[in-house]
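What follows is a set of structures to go through.
What follows is a pair of complexes built around subunit A, which joins subunit B in one and subunit C in the other.
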Partner chain A sequence: MDKQIYILGRDSVPEVITLDSPRDLGMILVALPGTSLRQRLEIDIQSPGCEVELRGVFLCTGQEQLGFDILVRHSSGGSTSRQLFKGIAGGSSHTEFNGLIYVAHDAQKTKAWQENHTLLVTPEAVASAKPQLEIYADDVECSHGATTGFLDEMEQFYMRSRGVPEAEARKLQMISFLSPVLSDLPEGLRDELINSL
Partner chain B sequence: MSDILLEIHDLHANVEGKEILKGVDLVIREGEVHAVMGPNGAGKSTLSAVLTGNPRYQVTSGSIRFRGEDLLALKPEERAWKGIFLSFQYPVEIPGVSITNFMKAALNAKRKAVGKGELSPAEYLSLMKEKMAFVGMGREFAKREVNVGFSGGEKKRNEVFQMAMLDPVLSILDETDSGMDVDALKTVAQGVNSLRSPEKSFIVITHYKRLLDYIVPDIVHVLKDGRIVKTAGRELVDQIENGGYASIG
Partner chain C sequence: MDETLKDLTTQSYAQGFVTDVEQEFVPKGLNEEIIRTISRIKDEPQWLLDFRLDAFRKWQKMTQPDWGHLKLPPIDYQDIIYYAAPKKDKDRPKEIDPALMETFEKLGIPVGEREYLAGVKDRREVAVDAVFDSVSVSTTFRKTLSEKGIIFCSFSEAVHEHPDLVRKYLASVVPAGDNFFAALNSAVFSDGSFCYVPKGVECPMDLSSYFRINASGTGQFERTLIIADEGSRLSYMEGCTAPMRDENQLHAAVVEIIVEKDADVKYSTVQNWYPGDAQGRGGILNLVTKRGICRGSGAHLSWTQVETGSAITWKYPSTILKGDNSSSEFYSVALTNNWQQADTGTKMIHLGRNTRSRIISKGISAGHSENSYRGLVRIAPGADGARNYSQCDSLLIGSNCGAHTFPVIRNANPAATVEHEATTSRISEDKLFYCGQRGIPEEDAVGLIVNGYAQEVLQRLPMEFAIEARKLLQVSLEGSIG
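Up next is the complex of A and B:
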């Protein structure tokens, strides 16, 4: 699916998107270093036969205050939504992810997934996640997962034991962590993100 | 007699507060292949971890000298630049990072540390091709993510490939035979054997005789409960095979 890329703070992101006929929607929200804002986004699926792919990638290296308030509302059944947000919180940044999947009473055969993973790379960085499911239909497939973690020590040792210096090893680890959300970005933007790690 | 490469003296080491190595002494000279055998939990992997600077392990006393230099004062990457390599028992998966990019980072860092320039992309690719053929890895490996989705045998081949790329002076093979079928074992052993030279030394850590049929050691040590309890020639391997570790020490 083609995905529209939005650089937060640079491109204007619609706050509410309504899908009232069968269609695909692909979006990638990108927060480059230095982006402090709260991004609200509601996707209201009012038709069966919709496919929604929502991705987010964020990289905070300073004192950013970055928040996502994401609501995917399945008002109608028979549609699918997938969300994957991955980001790195460094410096003394604060990141927050509030994600709600809402499935209405009549929205049977809905499939909805949401994942949010944040890597903390400095002791001062703070990340919070509030994934929520509100499901009123009984024939659905829904899940959510959120993790907040640190760089894996064994992975880092493996690289260093091969002669990769610590700073470079950490960078490779961050690239590795972000790789599922970097793969869909155009090369220029991907390089911009990688170079700011 | 050739020069001493590695000298371990009365080495004690802990992991998570528990003493695992309880006074290891070991001298390795240039060109020698040493086997370290021992039952599970004897401290074999701890020894390899301490030699390469794994931060999870703490050395509480004793010394390790590598070409006369205090090895314990060096970071893991500095030890790699000096020519130490560990083939991991459980190689780590790094999703999203290709073998090509990983090895390029490792090799160029090492070249920089020893005052050499980076390889040109063409030089690097031809070196990769040569070493991949050397361990029987197909070309498609270069693009694959490090160890992701690899079988046990492929992971070990990838370790020996990296060893060949980095051209170490002291190679430590930690249970390289685990998870490998006989064909993969033969390829890997062949690779290791062709790296043997009068300057290069090896420590082959293994539980079983099998690998030592292919990589024939000069000296065999038995490690039991954190100490080397016996050192002899290759005939010791057969003695262990026949009598078990209970017959030693």
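Up next is the complex of A and C:
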């Protein structure tokens, strides 16, 4: 699936996307450090046979206020949507992920997944998540998962005991955390993100 | 078809009868005079009246919350009788009216300690505080409990006999102006249960409150206050039923639980208020505020709830984890059928270090019902090492119902971990086929599968409750297939 990459604050992201015929939609939203905004995105699936793959990666290192309001609306059944948002909140940033999967009445055979994982790396940072499901059809498979956590000390210990300096170990952990989304980005952009870790 | 459905629903709510007993009421409506009257009937001290009036003034300035995923019918607060009590026979004030006794017997609530006295111990002893409309009619095993220093009595008695304790802890967890319904309750609350377990005492039996709405046109506003002092242990159960009526009746309760250092409280609820009929007429509006605080280090509070009744449920048993290393759990099964609506969940507020919480919520929706999980997990900056795990599953039966999940996670601590996951699915054809092939009728198969799905929560309930809950799940699902 071709994936369109949007850098928030640089590229304009459509606020509403309507899929009224069977098609694939792949999007990656990237928030580089220093991006403060609220990104709204609604994907309205009105046809069976659609595949939606939505990913997001964000990195906050200063005083960013970053929010995502993502609504995936399954107005018609027989389509699939997958969402994966991964981000790191550092500095004194506030991040918020507000995602809703809506499955309309009779939108049977819908499959929808949503995942959101945030790492908190400084004491001043705050991460909020509102992963929501609103479901009015019974023959569906829907799930969401959200976590917020910190860099695992055991992993750090493992690396440091093998001579990897602490700062380097932390960076490796963050890269591996973001990699499910990073791996789909073009090299230049990926390096830009990795270098700002 | 309609006829059979009606039969089924009327059959299935066995607790829907009315007890014919003479009752006294205060006039309809809500104003300062009514509050003063309630306070006067209960012969309350001035400070409690002041508390009520203060709450009432706060309530007058508040508006009814509308953020729930609920279609709440308009409630006319002036059209409710705020106090109804069975008339007491002055000659023998110590005894319970036989009609009431019979009511509770019929409901399976041992209000008379009969089994105990007769030496029949086929089930574990449970001390009961039975509340009928606005008054507590009986509290059993008080003597046995008081030998251990445990205070278990009606709220009104506690106000007279242990005013210091009540005054110290009342509204310390749910302030009078906490929310619209809590403020209303604080202004007009009638009776409820009070429990105090002293330092280091393990309560020898389960304690329970049983709430019964009987009178028509009334609301029930009970208040429960539970205090578990340092190192004590307590298991508390709560049950409730109401007659079948075409009108909605309001139930706005407040439960406050204070858990001190190293104490352990387990609070279980089987909520079986009248859910309304198959067309969605009548039923209880269950708008409840329940909150506990783990004040000291190592305190533990566990909520278990089985919600099968009520036309509308708006209820979020919450825990404030203030003490370091304190922990809390929330286990919930919420089943909605016909036109029932439930918006229920929990709040876990992590303030202390290394605090832990676990949320397991199982929603089941059938018929035209709406079932939502709504929850908050908040990790404060000081809650180093805090840990939360939440799992919310929804099961849909039929394509006319809704199942929703609205969790909020706020983490402000880089040394805390929060995990949340939710799934929505239906009873698969494969499972039904498997049961059908083995000769299990479809309705029984659904009951079986639902019980299995809710097992993780049901096994947390005390024995008697678990059996009742299993039966309830089965009965509440009647008529949901086909």
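Some observations on this one:
In this text, the second predicted complex is superposed on the first by the 197 of 197 C-alpha atoms of A that agree within 3 Å, B and C clash if a C-alpha of one lies under 4 Å from a C-alpha of the other, contacts with A are read in each partner's own complex, and residues count from 1 in each chain.
In this text, contacts are C-beta pairs under 8 Å (C-beta built on N, C-alpha and C of every residue); 3 or more make two chains touch, one makes a residue touch a chain.
These figures come from a predicted structure and were not determined experimentally.
The superposed arrangement places subunit B and subunit C next to each other on subunit A without a clash. Of the two partner chains, neither subunit B nor subunit C is touched by A:189. In the superposition on chain A, contact is made by A:168 with subunit B only, not with subunit C. By the touch criterion defined above, A:129 lies against subunit C but remains apart from subunit B after alignment on the C-alpha atoms of chain A.
With both structures placed on the common chain, the touch criterion links A:158 to subunit B but leaves subunit C unconnected.
Applying the stated contact rule after C-alpha superposition, one finds that A:178 touches subunit B and leaves subunit C untouched. With subunit A as vertex, the superposed Cα centres of subunit B and subunit C define an angle of 90 degrees, given in steps of 10.
Looking at the superposition, the partner that touches the larger set of subunit A residues, subunit B or subunit C, turns out to be C.
Following the chain A superposition, subunit B and subunit C show a smallest Cα-Cα distance of 12 angstrom. Touching subunit A in their complex are the following residues of subunit C: 69, 381, 394, 396-426.
Those residues of subunit B whose C-beta lies close enough to touch subunit A in the complex are 52-56, 75-77, 79-81, 85-86, 88, 91-92, 94-97, 101-103, 105-107, 109-110, 113, 162, 166.
By the touch criterion stated above, subunit A contacts subunit C in their complex at residues 105-106, 108, 118, 120-123, 125-150. On the subunit A side of its complex with subunit B, the touching residues are 153-155, 157-166, 168-169, 172-173, 175-180, 182.
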